[in-house]
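Given below, in the form of structure tokens, are the structures.
Shared chain: subunit A. Partners: subunit B in the first complex, subunit C in the second.
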Partner chain A sequence: MLRLEKSQENEIEILSLYGEVDASNSVILDEAIQEIVASGTKSILIDGKNLDYISSAGLGVFMSYLEDFQDQGISMKICDLAPRVFEVFRILGLDQLIPIFPDRAAAFAV
Partner chain B sequence: MVKLPSIHIGKLSLLLAILVWLALLFVDLVRLFGMINEMDSGISDEITWILEILFFFTLYGFYNYSVGKNIQSDFLNLLWRASSTGIFATGVALLTELFYISMGDSKLATEPFLKNFFYHVNFALTTIFLISSALLWKHLILYQKNKQVVKQWQTFEFAMLLAMFFVFFNKNNFDYSFLFAMVILFVITVVLSGNLKWIPYLTFKEKWKSLLFLFFLLICTVYLFRRMLAYSAAEAYQVNLTDNLFLMALFGFIFTYALFSFLVTLFNLPTSSVFEQKLTEAINFQRLSQSIQPDDNEEQVLDILLDSCMSASYADGAWIEISPDGQTEGINQLRFLDEPTKEELSELIKNQKAAVGWASTDRPEMLQPLLIRLDHPRYESTLLVPLVINKVAIGRMVLCKEVRDGFNKEMVNIISTFVRQACISVENHRLLNQAIQNERYQEELKIAQRVQKALLPAQLDHPDQFDICAFSNAADEVGGDYYDTYKVDENRYVLIIGDVSGKGTSAAFHMAQMKGVFQSLIQLDLSPAQFMIRANAALGKCLERNHFITASIFQIDIAERRICHARAGHIPTLRYQAKEAKSEYLFFDGLGLGILRNRQYENHVQEKTFTYEPGDILVLITDGIVEAKNQKGQQFGFERIKSLVEIHHDKTPKEIQNQLIDALHVFVGGDGMIEDDYSMMVVKFQQPTTQTL
Partner chain C sequence: MMYRLDISCQTSALSELRAFLQQALGSATLDEIEKHQVTLAVEEVCANLIIHSHGCNPKDIIQLEIKDSDKKLIFEISDQGEAFNILDYEVPDLKKVMVEKRKGGLGIILVKKIMDEIEFESKNGTNTCRLIKWFRS
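Then we have the complex of A and B:
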């Protein structure tokens, strides 16, 4: 199960993830990111505080935006990942490409 | 053994009949000769009677055989046979009469022998006509057999048999006993004549024809009867053959049944179209209910439906509209209407309040046909019938008539039945097609599964210096995991394990691509980091945008006891060191393949080199094992694998692998499913002791 929540803070679009991202619902995550991009924002923060699990299909969603965001000058950050979820990002090497912060405050500070 | 020739009953009885008739003629002529010459010929009347009865029997035998043989022939044919025989007999009788009229008072005209000869001829023909007709009537009466009718007929036959022998009792006198017997037989005849069930099955045209045949038959019967009476009145014949109860009763039977048939057919004429209509409806219903063959078209059913409904309601125009739903194109069938008229009518129907409410119902399965009066110069009434398949209205049928209120209750009922049946047929057809489609997909997946199994190596290349085993299991029929081994030269071996993101068919295709790329690059004898860089460049061009691949590669040099390793986002490999009796995961930077599809990737891959000792173990795994969850949602995790390997480090790779898989299944739970593909490769470097063996 995946639930998404959108909010805004300091001109940053925040997408909070609740539950699990797997092959069956990664499309929902993809659509949500597309919507945020369509709104014209330059800064996106993914809040993973309540994210329990992310499968490789979920990682594929983040990965697929890397080049687009670089070209369009959009910055995407991730914060507040549970250790187990952060481990998944780290193993794949995505922590090298997407800035990941321990909490929101740290993410805003940059 | 003398073989008896098979007896042909028909021919035999015909021959006998002719012989008996000749005998009868001979006996009577001899008697006449005796009378004329005033001599007693000594031939009693009884001999004539016996011969007469024999004649009846043989004729009955012949016709019973010949009519029974042609039992398939239709009613008109039967009627024609009866009336043609009648016409022939009448013709001969008329010719005889004409002959005598033309002769006038000449000597020949009074010649008693000739007169007697003609008398016998006419008697024979009349008998043939009566007996053959009676047997044809039997066929008609018994058309719809039931016990009662068969009993009636048997009674009649028995009574007729008695009537044949009546002559011995009555001595050919027209007295009260004769009259009494006649009345009894007539009553039976009338009862039998009520069996006219064959008439409704005639079509309108056939009814007219049968009326004609019956008319001829009645005329002939009346004429022949009058002839008989005329013969009886003339005293010129010593033994009267025709004042016979059997013949008289047969006359009565033939005439009564023909008359009944004639009248019933006549009165049935106006309603015959209704019967034909019902018959057509029954046939149409049967056609609709026959399930369509899988390769047939739904349109054919709708075609039959439209035609059936139009003929059932005498509609002047009709069409079927199917709303396009992906499965079928918008079918639009028109009957006796042109497109503009249809548009006009549709517009008029749209403006009707009832039709709007009818069309917008949210429970189409409860929808009833709707009758509407239209304000159209030509078509004044229409009937809208919903086509509902599986509780979804797929379209509607519109029937139009030129008269106001042209659809009665019966029509609406039968049309509803037709539509229901057609919809069931279409639904069955769709279900069947779906089932066949599914079956085919299953087959295709099985093939895919077989092909993918063949992509994994059947034999793993390895020297004596290390032992190896591997295992892979897909969550679906096919999966995205891959492993392989390669022998570069005598001393160098390469191990690879890879995992495509996601699972199922798309992952399986990428897995095949991965194998192609890996197999090509491995030939180039690249360093592990270079290998990953090239693989990233190649795969980056063929992977879908949101797909990536993780992989680990190990180059083992058995001469140097050295391993060079690169990791591209893959789950770290467990390395057990026998010397320290402990294990660790080989974790260092390395980005998955296809994530950065440009040259920047080169900055994100590293390689590590280390040496190994005998007894060391490498366990290459995919994330399916680490992330396998139990009922409580806990993951199998890295630690469990690590401790299991440490416990079982002295076992063979195959045993270690089995321990891990068993532990995994126990962890997930009896019927729990592992949601992702999972694979494993276990390598163990041999102890020096085993090397010497």
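Then we have the complex of A and C:
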């Protein structure tokens, strides 16, 4: 199960993920990011505090936006990942491509 | 100990697979992060088969067998679909995946980085992918 929640703070669009992202529901994550981009924001924060699991289907969604975001000057950050979830980002080397912060406050500070 | 699960070829079966793995790995000599990673690697192979070899046909079945000893865990994933030999697939460069906006390919990187050994055989119409994780202690 995956549940998404959108909010705004300090002119940053925040997408909070609840549950698990896999090949059965990664399209929901993709659509949510597309909607946020369509709103014209230049700053997106993915809050992973309640993200229990993410497979390559979900990681691939993040990857697929990286180049466009670079070209369009959109910043995407991730915060608050559980250690086991962060490890998956690290194994792939995604932590080198997407800024990952321990919590929201640290993400806002940069 | 040996565990066995039949997985219907639909992506909605993946959460059931994870629940099964969590139970089967309960007593294994792996820490929580390793159990999480091993679960992910098995799911990645199964998701690949479900989507690419079986076109998400729920009537098709993938068999998963887990055998454990005091030294290692063996995950045997068998199916009768189009053979997908993970060993034939070169690990794609992450930057290339990014530039090409490919949403696939990442799963193969994860499986190869997480598992200690990967074997594949295709015999009498049955393909078997064997993922092996050695205990560190």
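The working rule: the second predicted complex is superposed on the first by the 110 of 110 C-alpha atoms of A that agree within 3 Å, B and C clash if a C-alpha of one lies under 4 Å from a C-alpha of the other, contacts with A are read in each partner's own complex, and residues count from 1 in each chain.
Here is the rule we use: contacts are C-beta pairs under 8 Å (C-beta built on N, C-alpha and C of every residue); 3 or more make two chains touch, one makes a residue touch a chain.
Computed from a predicted structure; not experimentally measured.
Superimposing the complexes on subunit A yields a three-chain arrangement in which subunit B and subunit C clash.
Touch criterion met: A:Ala23 reaches subunit B and subunit C at once. When the shared chain is aligned, subunit C comes close enough to touch A:Pro83, but subunit B does not. In the superposition on chain A, contact of A:Ser55 is made with both subunit B and subunit C. Only one of the stretches 97-105, 241-249 or 619-627 in subunit B has C-alpha atoms clashing with subunit C after the fit on chain A, and that stretch is 619-627. In the superposition on chain A, the residues of subunit A contacting both subunit B and subunit C are 22-23, 26, 53, 55-57, 59-61, 63-64, 66-67, 84, 91-94, 97. In the complex of the two chains, the subunit B residues touching subunit A come out as 499, 501-504, 545-548, 550, 568-572, 587, 589-592, 595-598, 604, 623, 627, 633, 635, 675-676.
On subunit A, the positions that touch subunit C within their shared complex are 1, 20, 22-24, 26, 53, 55-57, 59-61, 63-64, 66-67, 83-85, 87-88, 91-94, 97.
Across the complex, subunit B is touched by residues 22-23, 26, 30, 52-53, 55-57, 59-61, 63-64, 66-67, 84, 91-94, 96-97 of subunit A.
Across the interface of their complex, subunit A is touched by residues 11-12, 14-15, 18, 32-33, 36-37, 40, 43-44, 47, 50-51, 94, 97-99, 101-107, 109-110, 113-114 of subunit C.
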